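So, here's a batch of structures to check.
Each of the next two complexes has chain A plus one other chain: chain B in the first, chain C in the second.
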Partner chain A sequence: MRRTILTLIGVAVAGFAMAQSPEEKGLEIAKAADKYDEGFGSSSTKLTMILTNKQGQESTRYMSNQTLELTTDGDKSLIVFNSPRDVKGTATLTYTHKEGSDDQWLYLPAVKRVKRISSDNKSGPFMGSEFAYEDLSSQEVEKYTYKFIKEEAINGVDTYVIERDPVDPKSGYARQLVWYNKENYRLEKMEFYDRKNALLKTLEYSNYNVYKEKHWRAGEMNMVNHQTGKKTKLIFEDYDFGLDLTADDFSQNSLRRASR
Partner chain B sequence: MIPKSNPNWWRSIFSISLLFLLGFSGIAQNSNGTYTEFSGYIGFDYRQFFNDGLYTGQKTSYPSFVVQPEFLHEWNNGDDRLKFIGFGRFDRDSRRTHFDVRELYYQKVKGNWELSIGLKKIFWGVTESVHLVDIINQTDFVESFDGEEKLGQPMVQFSYTTGIGTFDLFYLPYFRKRVFPGSRGRLRTPFIIGESDVAFESQAEETRPSFGARWSTYTGPFDIGLSYFSGTGREPFFRTVNNGDFQLFYGVIDQVGLDVQATTGPMLWKVETIVRKSDFQDMWAIAAGFEYSFYNIAESGLDIGVVAEYLHDDRGLLSFSSLDNDVFAGARFAFNDTQSTEFLVGGIFDLEKSTTLWSIEGSRRFGNSWKGEIEMRLFDNVDPREFLNFVREDSFLQISLNKYF
Partner chain C sequence: MKDQMQNLKERSRQFGQVWGEKVVKYKWPVLIGTLLLAMAFGSGGQMGFNSDYHVFFSEDNPQLLAYDGLQNKYTKDDNVLIVISPKDGDVFTRETLTAVEELTANSWQTPHSSRVDAITNFQYTRAVDDDLYVDDLIADAASKSDEELAELREIATTDPRLVKRLVNEDASVTAVNVTVRLPTQDNGESAEVAAYVREMVANLEAKYPNLETRLSGMVMMNSAFFEAANGDFMTLTPLMFLIVIITIFLTTRTLSGTFSTLLVIVLSIMTAMGFGAYMGIGLTPPSGAFINIILTLAVADSIHVLITVIQQMKKGMGKREAIIESLRLNFMPVFITSITTVIGFLSMNFSDSPPFRDLGNLTSVGMMAAFLYSTLTLPALLAILPVKVKARVPKEGKSPFLERLAEFVISRKRPVIIATSLFILISSVLVFKNELNDEFIKYFSKSVPFRADTDYISDNLTGIYTVEFSVGASEEGGINDPAYLNKLKEFEDWLYSKEEVVHVNAFTEVMEQVNKSMHGDDLSYYRMPDNREEAAQYLLLYEMSLPFGLDLNNQVNVDKSETRVIVTIENIPTQSMLAFSEEASNWLNENAPEYMQAEGVSSTMMFAHLSERQIMSMIRGTAIALLLISLVLGFAIRSGKFGLISLIPNITPVIAGLGMWALLYGYVNTGISIVFGMTLGIIVDDTVHFLSKYLRARRELGKSPEDAVRYAFSTVGQALLVTSFVLVAGFLVLAQSNFGLNSDMAKITVIIIAFALILDFLMLPALLMLSPTKRAQDVKEKKSQVQQKLQPAPAV
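The block that comes next holds the complex of A and B.
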């Protein structure tokens, strides 16, 4: 009798688990991925961006980035351009919010001016690249709705494939497909579908390194635009998780100073 | 102390730094927390005026050579830094041929405060067409007619960031006079303003110290700045002396300024206002308007920003800028392409008089380190009562090519 009850409960639990909708499972994986990377504190890195046009001509830009993790709200980040040389010292400070618009300031070194700018420009190209502003902003769980699609093995790793739809109507995408590594939730690949739901871009992550034991960061991100044939490669170097940055390092004065 | 406009002194600093720039341009970052960088640009401008000048000696075409060397040295992981920016221009007008130390300062940073000592450039404000609250630096008037270029200002600046905003305090021990074009120059008055045509209210003249303070903060969509300045006003006042000659007069002023921007989606609302008190003239002025942006139009990457600002200055015809009751309307086109192609087209329209000022500015990068720029200014139907009447024939087109290091 007792065994029967336990069996029944077991069946019920299994049934409940199976009843989890694809939306619930998708959200669960997105939350698990967010949770997995929690606790990195702050980081800094150098970036090289290589733009390739349809004819195969390349141009290269250098930047640096600092990020401060916040758990109650979205992350804070500071990006400084070092090249092309005419925009050297131009810098942006972004306070991401889990809900609502992000706050963003731009520093223009020639006129020494800090300017609050609209963060409405989601879909526009970042520095003439194939990355849109929204592709590079802090990926907060609340910014999308999710749907689990399938499990798949790509490039020799097992992944969860999740579809996510941007909540913000100003997004340039109808949806995105995201390949999460099953073991450590790092991103392996993304596909971006435009407003007409046609495949626009594919992003592949490679050269992963792990920092502070569990924080995986790609050393290279390759974005290919299928509609224009243009490509952008981002190379991340000199990751540093040991700087112990604080809110003081993300003030408007810090923005001015970061511009060197 | 800074020598009184001694061109040879500037020139020698300048030549040395230019040698450094050309010889050692580059970056050195060391693991011991130091960072050293030489950078800057050299460029060539060609300015063509459409009409002959009103005054003897003026030309119609002005080729010009410009150079801006920069040097930065940081140590203690950036908590200490030494920054230098020089500037030089060689022009057909002997006054426009000028050299300046835009910045040369030491800065110490500790957590939420910073201290800077030396020559520096500070910008305050939010509007695009005029910069009313921006008062720390003297305008480099020979360099640009729109007042966007500034001379380096000697200062001690203390900045303290708290939970309720940033507090800045300025001690400004030395005043720098505005430089006006010489006899061969355009965009000038009929009379040439020389050393002897300048007078100060303060007996101490340039050595009378000025003080500045600013509180700036942001909350939700608002960015707010409240500022105070006490000392010799940067904007001169034209007056006639006994023999009928014009004189430039720098008075001692107290000025309170407020600037607010509200950022709501693609719309930026902006307002700047100042109240200025002195023994010879009280005034107030306001600039208020908006900037609305259309982003990534038709998925082409093109952004178009529409800007409109109303400008009022209660000095009326006495205002130096002639922007007493005017509207600025303009459009900014940013293509967001690999070459960062941009255009700004605008006009300032006087609401009571016929005066209209048109301007077109554009820029585009070539390769990785060259940049081409074009600038056009048109003075249209200038009302004879306005100060701008002096420059009514000075519409011009300028092309520039700069090489960045």
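The block that comes next holds the complex of A and C.
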């Protein structure tokens, strides 16, 4: 009798553990993905951004990006704009935070000053593109709440589909759908839903390369805005994971240096 | 060959009679057959409403293309403007501002919305040391102190980007502007947006009883178009039916006759509707008028057939014979008047505005159907149904009034000619006093909420009409060039110097504000940055600080090579708008580099150009209709000379009508410009009937011109009075439409029809009597032909 009860309890507990809620499963996958990419240290890359309007007219901008991995807080990143000509040398430094709004500085070579952007608004278009700043900044786990939706095979890859809702009330999105590759947790696709929960944009990742054996980086990101018909393509080239950048490379002084 | 012709004429003479005999013989198959035909059309489905204001413009309309081009560079801006007026007259209270905040947040939930602008979420820029703050101007209004509220009021009522746009100068009225992105083909999206906004606003008023709200903007206009078309259908059509039923019953005094006529009308409308559904024609306020117009015009066909039947029966003829006789007498005249009416309506195909083409085609189909049904269904039904005719002394086809009128014209031919000619002459001078005007707000009568709300907005907050200029820079990124920016500022200053300008929304203000903030909010830096790089980098910084949906895409193109200047102007006639737009373009021409030159475009400009384009195309259409109708007429009366004479009473009513219109209203819009071809087709009927009687008397009965005039008056005078009465009544009902294009079109049609009757009774007989008499032999020669061609129309 006692055995039976114990068995029953055991089964119940196991069952409870098995019957993980979609929220828990979603969070688990997001954490696993974060964990999987842990330990890349720092990286740099060249970026080409191609904007296409509804009529197919293109406009191209170039920039470079450096990222420093932090485990205690969000990553730090430095972007230097190389074109258009008028903004050449302009650089942004961002400290993402796991909680609260990020810190952001901009160096303006025309006036040789560093300006702090004290705005909570990170949902505006980045450089006139279809990417919002929040789409490009470090995707810290804490910035969203998660919900597992389903498993799905897309483009011949098995994926987990997770819905995530931004914690920041100033976010431009009601929710996002994220397709994680089951094998290596790299992102295959994302859908962005606007505040009225209508599909706004779709982002597709392609030309993946693996660096330092496990860090997958997309060579191309294609964002399509369904509401405006505009598109933006981001091309990442010359990834370098061997620079061993330090916090010194991500200070306000480094902003001025990077500009040159 | 000659024999063949003779044979043909012989046969056509018999045609009406044979037609009548067959119809009476095969009354059941004819009735069922025509019913099936109408039902086949009717099964085409429902005609859908198309209420996007874009339907007024053809796909290749240059102003539409220009505006689409501009909207493609920036953003497509259909909007709802929600205007809030606190009853205490102060927007800057904790309660009202909290309400505005709430409304703004809720507005983001509007279907298809892409942007929401309000005084609360206005992106206010300020500097503290080297920190740049870009944030909502008003957040958490409930917690603001009185001092803070006063400060906010000061900022909002002085910022050129807000005042006279989202808040008025005395801060008693504010607005939330919701920009929506509607698909090119409106499938009810406008209505969806309007419904959402209306509910949202009703909830707001319920929660904040101190607030009054009003709605305007392009989306609300679209939905007002829809409601106007629907309203005409719901209220005017039943009224028109009632008038028609009463008129037929009073003139014929037979129930089965009234019923049969009604059936002919219903079948005609059903056929036209089915045609519309098959062709995928969307119902718009103008094209929707086809129902009432068919209703009005189809009566005439039936009434001619019906009245003769009754007259003949009163004379003692059997029903069957009376029906055959009626068709023998009426088939040709009804056929010819139907053809001329159809030609008149088909001339609307020259219109530049698709809804009017649709109106023309739908009515044409309806009129062809009306001809068919009134010569098939009507006689078949009369043959089946019992028709009781009271044994009264048949009314003579003349009245003392008409008799006196005839004598009057006969005794005073010359004075009548001189007086009517003088009248026409004066009218033709007055015609040019009409100004083209298509202020689209005025398309709606003041009882339409959209019109009332919009008028309130133009009186209390801002203007409704806009002209937009896309001002180019020399190259990519060129908008950051101080030379460009300063020139743009000059343009803005010039615009503000014009008294019709209410507000100018230009990129310069963003630059000035950002430059000021980048220099520690030093007011002396409220100007353009010193060099291009500085400007570009400030702009980059500013853009990175903007929230979702409040970017600069609506003002600056992606390349940063062009910016958009939106000028809001007062309610002025469209001709003045066009003049203003041209003056502004000229200013750029003379004062700015070539790459900065721009033409004014906008929905306002599209409508402003519409009547002009419409008039030009309708002149062509009317000329062709006139030519065709004259040919039909000349063919029908078999005389070039009388054909020419008949042109005079057909053209002059339009001139007289326009002259009268100049005195009454003084403007011509898109709706009015289409009536000329249309009325021509209608009024020509009067002339056909009068002239055919006159010629019959001259040629067949050998009467003198004077006696022939007496004969014409006595035979068709009253019929013309009755049909004109029905037409006038029908168009008077349509004139009650809340949609100005329809009511104006109907009003001027009433005037023209009335003048047509007057001129047919005065000028035409005088002209006929004064024209040189033909040689007797000539008359004799024509005699036989006339008889075949034109059977007399019945007298009432």
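Just so we're on the same page, the second predicted complex is superposed on the first by the 244 of 260 C-alpha atoms of A that agree within 3 Å, B and C clash if a C-alpha of one lies under 4 Å from a C-alpha of the other, contacts with A are read in each partner's own complex, and residues count from 1 in each chain.
Keep this in mind: a residue touches a chain if its C-beta (ideal position, glycine included) is under 8 Å from a C-beta of that chain, and two chains touch if they have at least 3 such contacts.
Keep in mind the model is a prediction, meaning the values are calculated, not measured.
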Partners on chain A (chain B, chain C) - clash or fit: clash
Dominant toucher of chain A (residue count), chain B or chain C: C
Partner chain(s) touched by A:Ile50 [first = chain B, second = chain C, both, neither]: neither
Touching partner for A:Val224 - first (chain B), second (chain C), both, neither: neither
Partner chain in contact with A:Ser101 - chain B first, chain C second, else both or neither: first
Partner chain in contact with A:Lys112 - chain B first, chain C second, else both or neither: first
Which superposed partner A:Thr60 touches (first chain B, second chain C, both, neither): first
First (chain B), second (chain C), both or neither touched by A:Thr92: second
First, second, both or neither for A:Asn253, with chain B first and chain C second: first
Candidates 21-29, 93-101, 363-371 or 381-389 of chain B: the single one with C-alpha clashes against chain C: 363-371
Touching both chain C and chain B, counted on chain A across the two superposed complexes: 51, 53, 59, 84-87, 111, 113-118, 120-121, 123-125, 127-128, 170, 172, 194
Chain B - residues contacting chain A, complex: 35, 37, 39, 41, 72, 74, 78, 81, 107, 109, 111-112, 114, 121-123, 126, 148, 159, 161, 166, 216, 218, 223, 261, 263, 265-268, 293, 295-296, 299, 301, 303, 336-340, 365, 368-369, 371, 402, 404-405
Interfacial residue positions of chain C with respect to chain A in the complex: 72-73, 75, 108-114, 128, 130-135, 181, 476-477, 480, 518, 531-538, 540-541, 543-551, 553, 558-560
Footprint of chain B on chain A - complex, ascending: 51, 53, 59-60, 83-88, 101, 103, 111-118, 120-125, 127-128, 170, 172, 194, 248, 251-253, 257, 260
Of chain A, residues touching chain C in the complex: 51, 53-55, 57, 59, 81, 84-87, 90, 92, 104, 106, 108-111, 113-121, 123-128, 132-133, 170-173, 194-196, 198, 227-228, 230
